[in-house]
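In the two assemblies presented below, subunit A is common to both, partnered first by subunit B and then by subunit C.
Let's turn to the complex of A and B:
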């Protein structure tokens, strides 16, 4: 187990090098010059050269790349071309906001998703199953940025219940969390439904039923506990969709997180910001997957037996 | 095919027809600015009202659909071709090449699709082709993985062995004997994934990485008009509803396709 975790963590190092190298060379090959976007086209050549030297654009690509790597090794990520703020500081400052948003979405999506999926499975092909399944497919088909706008229109602009945008206390968090939760909730309903249906077909459920076990006991201990294993895997994979959704949701609701930070960096061609966000995103993603892996080992004895063989 | 599948394909055919014949159906020029008629609510003259530059929303939704759907379908085809090539080569030759290609597949599959597509689309100037490349770059991997498994199972089958025995070249085996066996599977997969392509395309245009103004796409219409959501909701609601309906129909169709898919697929 420890060896497995270590291996995964060590794999992260070449992966990050690869990702920095690819994004770095490609972003440099881009049409468009960050110096011109920074100072405008009509600035005098001396100032342009000065700015170019300040952001290090006057040197060759390889030189810049190794400069960036040595900066990373020192634990820094450079400064934004625009705000001249340290990218690492900004990321550290904005990360908790994105985490709050993702946590909010998870708190909404997980219990409802599992519960609704469970209801669908035990009442398979009933009207409630069909309605919930249909709604969950619809939830997967509605674009996040649009459902966010519709929620904003209803709850903040028409009903005046919640603030339409900004970063702040829980009142600001509700709408973006619901928006971000919708597709995840829909996926969880579908996965839980299939997973519970699988468990229902197992022989041990028939045995349990014939022993006359109370229904609540059967549902909670026998069915749900076994059905949750694949659900947890999906729960981890869904984190990717939270990162996806965060870019869109944060942009709509003006939430000051990593998603919006990345988007602004991309639009302004602010390379240190783009690179920093890509690196942070990769690290977070790999870490979450690793946590899910570990958790999987903890809850499912079958995986644990296999795991020791590795 | 169930009733819902039939209904979904019927609606999709209707939406396709609307986009293909958009130039005949649309009552106004989609990009024509008319400052006398800005932000008008829906009326008989403008079914879905006008935007802040007086352009007819209905016409823009029709033209936007044409672009959004074509980009998504073409990107799916591009991913399919890439996935077929890589998957067939990887599955047929095996060995180190296979290991290397499958690690690349794993890496791409592990990364959230939209982030990957955003990452790729910043590498090129924004536009229709950039979106296609970005979508294909994020989408090829699942095709490659599927086709590789299929080819690995077929590689040892009698007809391939006979082809090798009569002295067919490797290219001939790959493209004449194996390719026809893989194409139907790849098409079904493309059908399964199209709903996702529609949504990712919409998200990229929403973020301004897609077709540039004044060209309308469903995503960019929402993005450009979202500041007016309170005063003129008709500017924002229709394109979103169209994205949702199209993606929903593809997903419903996908549920039916999955059953066919499970029958066609062979595991190695």
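Let's turn to the complex of A and C:
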């Protein structure tokens, strides 16, 4: 297990280089020039060139890329063209907010998603299965910018129970968390349902039933535990993507997270911000995947991770 | 380093310059209590008020202005605002590294400052009302270096207390402000990216004042509860349909005029735009024009169609570049409809802002939708950057219009000391521009804000640098 984790972490290094190269070249290939946003409207071509030189945009793309890599090797991510703030400082400041939002969403989505999916499976084709499955399809189809606004109108404007926007304590967290949880919840319902149905058809369940095992024991130990592997995969994917920032939800609720930060960077072609967000995102995603792999092993020891336990 | 309206309106509350604009757009004293013009408008002598202090209780003296102006012009600062001060004698040599100092700024004594220009330049005092010409405390700038932009401090009625990027900016009353200070203890700016969220916050009473999003305007205007809480100001701006005059087909004046004849701008303003602006008779906003407006190219679709046929343009495709904003997209579709009616084929190309501006700067568009907002209250602000050939392309003249006569008239206006001479030059330039139609002026947008009933003395200003936040109270 240790060797596996070490190998994964070592693999992260070439992966990050690959990612930086691809994103660097792709972002630079986009139309749009940060210098024009920086200088406003009435600047002479000479000043435009000076500003270009100040942010290093006057050099060739390879030169810029290696400059960025040498910065990274020094443990820095550069400064935003616009705010002149250290990108790493901003990421460190915003990441806890994004983490709170992602965790909030998964805390809501996971238990409800798994429970409802489980009910659907063991009561297959019943009215409750049809209702829950129908609702989960709705949850998947409704875009967050719509559900977010509806929740805001209802719970903030009409009922005045929760604040509509801002980054703050748990009261500020509830509405964006629910908004973000809805699609994840719907996905988890569907995945759990299919996974539990698969397990129900397996011979060992028939054997367990014939042994007269108590229903709660059968459900929790034999069925649910065996059905959890795909659920954990989905959980990891959803959580990982939320940790990369939820642009729409953060925008609607004015939540100061990484998603909004990245989006603003993209709109203004603030390359250090874009690169910083992508790099942080990659690291987070790889870490979550690693945790998911380890968790597979914990849930089902038969799942072996490469290089160990052989 | 500030080049945007929001940044400018914040800077106006933290800093002061030599002069400022009053409610009637006249240049009035700020830190300079008086000034006089000498040498037929080439030299200005400013007399500074005593007892103006920076946030750290150090008194402002004339050398602080010299330092501040040098900082803007210094190439190390790489400020995009050098154009505001480059008319000062010696500024260009200083910027090019040919001189250590700016010869045109002379400190006569601690409270007297002389500024000499290369030649008479009428809008100079107006340029000094911009926030980039504010005085900054040398010790703080040197301490913070490039981070002064995120830790600004000056002489203004407010002091920056907290700046939580992407969330809020908190300003606190400056108790030792030299002018009549603010009525409120502070101002909190909430950064809310989504308009509907801001509206919700406002209706819940969590915000005191908001700008009304365009799609909410009719609802507030018709609401008994809110209609008396709306403030409006005739904005110093012009919305226009620009042509690329540097390439075919719109290097042809007749085809540009045909497009102007083709569109019923009054109808669009009254219906689609819900009269949220005043019809533009030319590029210069009505409130800055001290002369009779030029004759317009009024709506005449038959004439437009005839020209398009005669110029063999029927069925030809023109690329219409717009920025990705819902109101602009709707607007573009209306214009497209009018142009299809006269026989043109219009392809709308929608780009997000940064890419849109790059495309315009490179001259890729045939036609485009854009607006121009004033930095200072002088008609020159709507002529020189937009139509003078030296600003061709990225510097403001995005229609790439070149006309020697217009260049000459604008320059004459800039140098004329007498207002009547100036107005005559500007009037003639505007007349030629309107007839040559490098762009079609649509309207001057009116700005609307809405406030809570408990807010008193709220004012809305046509130029961002005017809003010092000292009138508003509860």
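The rule is simple: the second predicted complex is superposed on the first by the 289 of 310 C-alpha atoms of A that agree within 3 Å, B and C clash if a C-alpha of one lies under 4 Å from a C-alpha of the other, contacts with A are read in each partner's own complex, and residues count from 1 in each chain.
We take it that a residue touches a chain if its C-beta (ideal position, glycine included) is under 8 Å from a C-beta of that chain, and two chains touch if they have at least 3 such contacts.
No experiment lies behind these values; they were computed from the predicted model shown.
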| item | value |
| --- | --- |
| Superposed partners subunit B and subunit C on subunit A - clash or fit | clash |
| Subunit B versus subunit C as contact partner of A:252, first or second or both or neither | both |
| Touching partner for A:43 - first (subunit B), second (subunit C), both, neither | second |
| First, second, both or neither for A:15, with subunit B first and subunit C second | first |
| Subunit B versus subunit C as contact partner of A:274, first or second or both or neither | first |
| Partner chain in contact with A:138 - subunit B first, subunit C second, else both or neither | first |
| First (subunit B), second (subunit C), both or neither touched by A:146 | first |
| Which of subunit B and subunit C A:51 touches, first, second, both or neither | second |
| Touching partner for A:157 - first (subunit B), second (subunit C), both, neither | both |
| Subunit B and subunit C footprints on subunit A, overlapping residues | 30-32, 149, 152-153, 157, 251-252, 267 |
| Contacting residues of subunit B [partner subunit A, same complex] | 107, 110-115, 118-119, 122-125, 195, 199, 202-203, 206-209, 219, 222-223, 226, 229-230, 233, 236-237, 239-240, 243-245, 247-248, 250-252, 255 |
| Footprint of subunit B on subunit A - complex, ascending | 15, 23, 26-27, 29-32, 137-138, 140-147, 149-150, 152-153, 157, 240-241, 243-244, 247-248, 251-252, 262-263, 266-267, 274, 278, 281-282, 285, 289 |
| Subunit A-touching residues of subunit C, taken from the complex the two chains share | 3-4, 75, 78-83, 146-147, 149-150, 164-167, 190-194, 196-198, 200-201, 203-204, 206, 351-355, 357-359, 361, 372, 375, 385, 391, 394-396 |
| Of all residues in subunit A, those that touch subunit C in their complex | 30-34, 36-45, 47-48, 50-51, 53-54, 83-85, 90, 94, 149, 152-153, 156-157, 160, 163-167, 251-254, 256, 260-261, 264, 267-269 |
